[in-house]
Amino acid sequence: MKFTTRKLVTIVGEAALESRLIRDVMALGAKGYTITDAHGTGPRNQRNGDLEGGNIKIEIVTDPETVDKIVEKLSTDYFPHYACSCWISDVEVLREDRY
Amino acid sequence: MKFTTRKLVTIVGEAALESRLIRDVMALGAKGYTITDAHGTGPRNQRNGDLEGGNIKIEIVTDPETVDKIVEKLSTDYFPHYACSCWISDVEVLREDRY
Amino acid sequence: MKFTTRKLVTIVGEAALESRLIRDVMALGAKGYTITDAHGTGPRNQRNGDLEGGNIKIEIVTDPETVDKIVEKLSTDYFPHYACSCWISDVEVLREDRY
Amino acid sequence: MFLEAALINATSAPVLAFVLGLVAVAVKSDLRLPEALYQSLSIYLLLGIGIKGGVALSEADVAEVSLPILGTLALGIIIPLLAFWVVGKITKLDTINRGALAAHFGSTSLVTFSAALIFLESQQIEYEGFVTTLLAILEIPGIVVGLLLASRGLGRGLDWGESLKEILTSKSIVLLAGGLVLGLITGSTGYEKVQPLFGGLFTGVLTLFLLEMGIVAGRRLPDVKQAGLGLVAFSLGFPLVAGTLGVVVGSLTGLGLGGSVVLGVLSASASYIAAPAAVRLALPEASPGVYLTASLGITFPFNLIFGIPIMLAVGQFVEGLGF
Amino acid sequence: MFLEAALINATSAPVLAFVLGLVAVAVKSDLRLPEALYQSLSIYLLLGIGIKGGVALSEADVAEVSLPILGTLALGIIIPLLAFWVVGKITKLDTINRGALAAHFGSTSLVTFSAALIFLESQQIEYEGFVTTLLAILEIPGIVVGLLLASRGLGRGLDWGESLKEILTSKSIVLLAGGLVLGLITGSTGYEKVQPLFGGLFTGVLTLFLLEMGIVAGRRLPDVKQAGLGLVAFSLGFPLVAGTLGVVVGSLTGLGLGGSVVLGVLSASASYIAAPAAVRLALPEASPGVYLTASLGITFPFNLIFGIPIMLAVGQFVEGLGF
Amino acid sequence: MFLEAALINATSAPVLAFVLGLVAVAVKSDLRLPEALYQSLSIYLLLGIGIKGGVALSEADVAEVSLPILGTLALGIIIPLLAFWVVGKITKLDTINRGALAAHFGSTSLVTFSAALIFLESQQIEYEGFVTTLLAILEIPGIVVGLLLASRGLGRGLDWGESLKEILTSKSIVLLAGGLVLGLITGSTGYEKVQPLFGGLFTGVLTLFLLEMGIVAGRRLPDVKQAGLGLVAFSLGFPLVAGTLGVVVGSLTGLGLGGSVVLGVLSASASYIAAPAAVRLALPEASPGVYLTASLGITFPFNLIFGIPIMLAVGQFVEGLGF
């Protein structure tokens, strides 16, 4: 088994953002993503009562360069305006050319 | 991009526990959480046929001290009585004061 | 608190595979799993338009030997035919005999 | 005559759907109602039953209603005490699990109640519309008494404030009680507009719901084997005792044949929604493998198929005694 | 007479269910409709209203319809402009938030509309079937005008192409407009077959839907305290102004009493589905704490309980003037 | 006359809803029925059709039923063989994909069947109630024959035990067959109580369901371009051949005009629920891009809009031959 190291980016944000986030993430070079429905609370939520309705959690396994681009995009286009969280961890994958 | 290291605590437990778990976790200092619906099996489930109905998966990004407090609370109040799993991993975040 | 290191295997695949995947994973020695509904896209999806309908995400906390067996099984029985992704990361757990 | 009534009950669409659910589990089918549908149907049933009860109550007069309500309250206290005592006699369960069982058998099952109404209608036997009020009343005290009894076996105290709040504000109570008040206010003029949904579709929706209940109960069946003879005997025998008590109380407090039978079925039935939720949170030491197996795996199917026509027979017998 | 009408409205099952939802939040119940049910009911309402409107339109003649449509278009432009101006006068909100509010109050609320129809039916007041067409027409221009006004306060330009596309292809517009066309083509013969679902169950489904709306609105109530007096005054007073305008326009363009009242209610109502979705995406700088609190937390409950019978009174007054 | 019937079919609410779904995809709307609703509606359709078929069967006599059942069994074997052979002639697909297509076209589509019944009712043409039994019978053999044919192209053996178990215990078969038995036992007296749900709402529910089917089929349309002319020709032409065969068999085995047309539609239709599920698990080497594009992207819309009235024309022609 040949394992390769990749990064896992997890983004949690308002469900209404789904199509925009996917478009942006794929345009920046991700080769895939997995989405689950979620709900939650964060520091912003408690401050100004954002839109009701759920969140989505997007997980993207990709290489470090793409991670940087995604994080950059989030920082400029999403973090300032929308309820949106993001964290990154290390994962190992098989079939490295897929990620 | 300035990344900071945090811990990601994942708790899987009976859905009926949602409000209690959230109350406890936030009281111990977490600044946010994300919940998804889940189902599953574990060693306990198979032993004594707990309540039907789903699980929830709670994910909390926070600092190591809060992790310790959460784990402590789980060990005393939840593990003995309820179907409940927990695992912890390392993550990197931006905007460190949010977590 | 005594933490032990384990591996977290995340498998994302067509929902129709749920019962087969669970049967195989448990037969290989996993002591539990957690499933959430998901949807997503990957390199294969885009190629040949697989079945509509959702994915599931299976998470399994277990020891490295079992991980190897699971990954082996995926490589022979699932990867060639089905839309299916897998990644692995390190986690810490309490109550080590449960995982 | 009894056999005929039992047959009519057993071949009604809702009961057959329940059996279909059992069969689906037996043949290991992947059939399952989506969680959201199951929840939606139970919201529909609770709210709809509440509304219809409220409308009926708006047309009943206080004199007629008050005695049955008092009788029902008494049943809500006596039945769990009786259950606690009987379980102590015929099983080796500890105080906590005995209290948990008392909570379940002291409370009621909405679906058994609904099936009883449909059965009575198919037999053209009338019943007082305000029996729904009795359902709502019998739902809660049993749980409280059961928790009280169990708490004597606990090392720790029970958080009564939180437990009561959780029971009283639970989804089922809010829908049932809220529906009652809604029906009481809107009356039959207001009800007319929502009748096609809450009235016309009722039996059909119950049929779908019982399909899922059959699946859920069927998954519990393997646990019955491990339950022990005492628990099985209790789950089959106690409903008959409590049910007869209910019929008698109904008859003594002035209910007609139909109303007495309904009160009997309510007394005979065990809760598998409100009680487990409350017990799980307030009394985590009690084993779901005991209380759910008894109420959902044994008593519920038994009542649905046999208990309901038996209660009618009991009712007819009691009526014949003519007190 | 007005009080009587208001009472009939307030004691109808849908409005009582809304109040039950508010109560459920107040007692901190965990009651909530499953997300999938909520979405399913709203699909049902949108498509069903569309179809019925289309069927009615297929039977109306062009002459009768064209003036009211023109009047409605005019309202769709005037109301948001008026709202923008009034908000500027009585609050300190910036251009962006004023524009966002204009978008919400310029658009309409499907549920308020439906409740108005049920109310008129309970009062045996007839209305033109094609009022649904007016609903569909009034839905969009207000949002566009609101965004336009807000964009003057933006440092950046608005991506109009994308915004318009998102509004026009949004679920609610596709269902409503699609339903209209479907009803227009299938006509009353085709409608007959689906009447039991889309007609017979309508009030019942609306009752369930309003239960959830009560819960959603109830969760917004705490925000009202922080909203500031100006915003509260606007959310309560503006609907009366815009509503009266709507009634007058309806009357002038040839609608009968019922139709004029409906157009009044449409004008008085504020959007809390289409507008927030569009504003959130196109105008993220605007604060949902302002626009949702106003439209969903204040105006919606106000209209549902008081606005509808008030609009009838206004309609009767205007009719009395006899222009 | 044919054009008139085709028009009536095309302007019925269910078919228009299907077109609305296609349009929603074309304009890139986010409209989608919640997954739970889609699943709930399909449970409703399967169980309801099963029950109604069972009730009809309980009133039919054996003599009348047995020949059509035998004929349907024969069709269940002949059609997939024919499909396998035709696909071999006009496309370059390998044995595995040919077998997969045979499985799909050998099985049937519940929704096409339902639309055909509604169409016949709108034409006031009677059909035998037990045609639902024929639907249930035609559902399975085609899949088995298709898998059998495909397995000759596999390097490995097929796990027949597991595959058959998965097909026979699948949700759709349990609901359809279970509903049949339920209807058979409960009979028309029991059905009466659930008629408002399973009967009255049927066309309305089918309309909602077809909206989603339109969306699903619309998403498949882009794949049609890549499908190759042979596959498109097969998906459009084979239904006419198999359908005519079905009409003739129906007529020869004693079905009336309506029943023969239904059997024709069943034969013409291709499965897009049961067959894909079975093929995906038992035959992962087959490409969903081939079989789903054919059955769901081409044949289903074609049958829904054109196939159904064509089968009626065929039926009338065959009836005119008078054998």
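Think of it as A, B, C, D, E and F in the order they're written, each chain with its own count starting at 1.
Keep this in mind: a contact is a pair of C-beta atoms (placed from the backbone, for glycine too) under 8 Å apart; a residue touches a chain by one contact, two chains touch by 3 or more.
It should be emphasised that the depicted structure is a prediction, and the values quoted were computed from it without experimental measurement.
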Fill in the blank from the handout: Hopping only between chains that touch, the fewest steps from chain D to chain E number 1
Practice task
Please give the intersection of the contact partners of chain E with those of chain F.
Solution key: D
Problem - Most widely separated chain from chain A, with each centre as the mean of CA atoms - result: D
Exercise for the section: Please flag the chain sitting at the greatest distance from chain E, going by CA centroids. Expected result: C
Fill in the blank from the handout: Whole-Å distance, C-alpha centre of chain B to that of chain C, is 20
Problem - Between chain D and chain F, centroid-to-centroid distance (C-alpha), Å - result: 41
Fill in the blank from the handout: Distance in whole angstrom between the CA centres of chain A and chain D is 47
Exercise for the section: Report the inter-chain centroid distance for chain A and chain E in whole angstrom, where each centroid is the mean of the CA atoms. Expected result: 35
Problem - Residue numbers of chain A (touch at least two other chains) - result: 36-37, 89-90
Problem - For chain D, residues contacting two or more additional chains - result: 30, 34-37, 196, 200-201
Problem - Touching pairs among all chains present in the structure - result: A-B, A-C, A-E, B-C, B-D, C-F, D-E, D-F, E-F
Handout entry: chain F residues within the chain C interface of the complex
Key = 35, 216, 219-220, 223, 276-277, 280-281, 284-285, 287-289, 292-293
Handout entry: Complex interface listing, chain C residues touching chain A
Key = 10, 12, 36-43, 45, 55, 57, 68, 71-72, 74-75, 79, 85-90
Fill in the blank from the handout: Seen from chain E, its contact residues with chain F in the complex are 34-37, 39-40, 43-44, 47, 51, 165, 168-171, 174-175, 178, 181-182, 185-187, 190-191, 193-198, 200-201
Completion exercise
chain C partner, complex, touching residues on chain A are 1, 3, 6, 8, 22, 26, 31-37, 61, 89-95, 98-99
Handout entry: Residue ranges of chain E in contact with chain D within the complex
Key = 11-13, 16-17, 20, 23-24, 27-37, 118, 122, 196, 200-201, 203-205, 207-208, 211
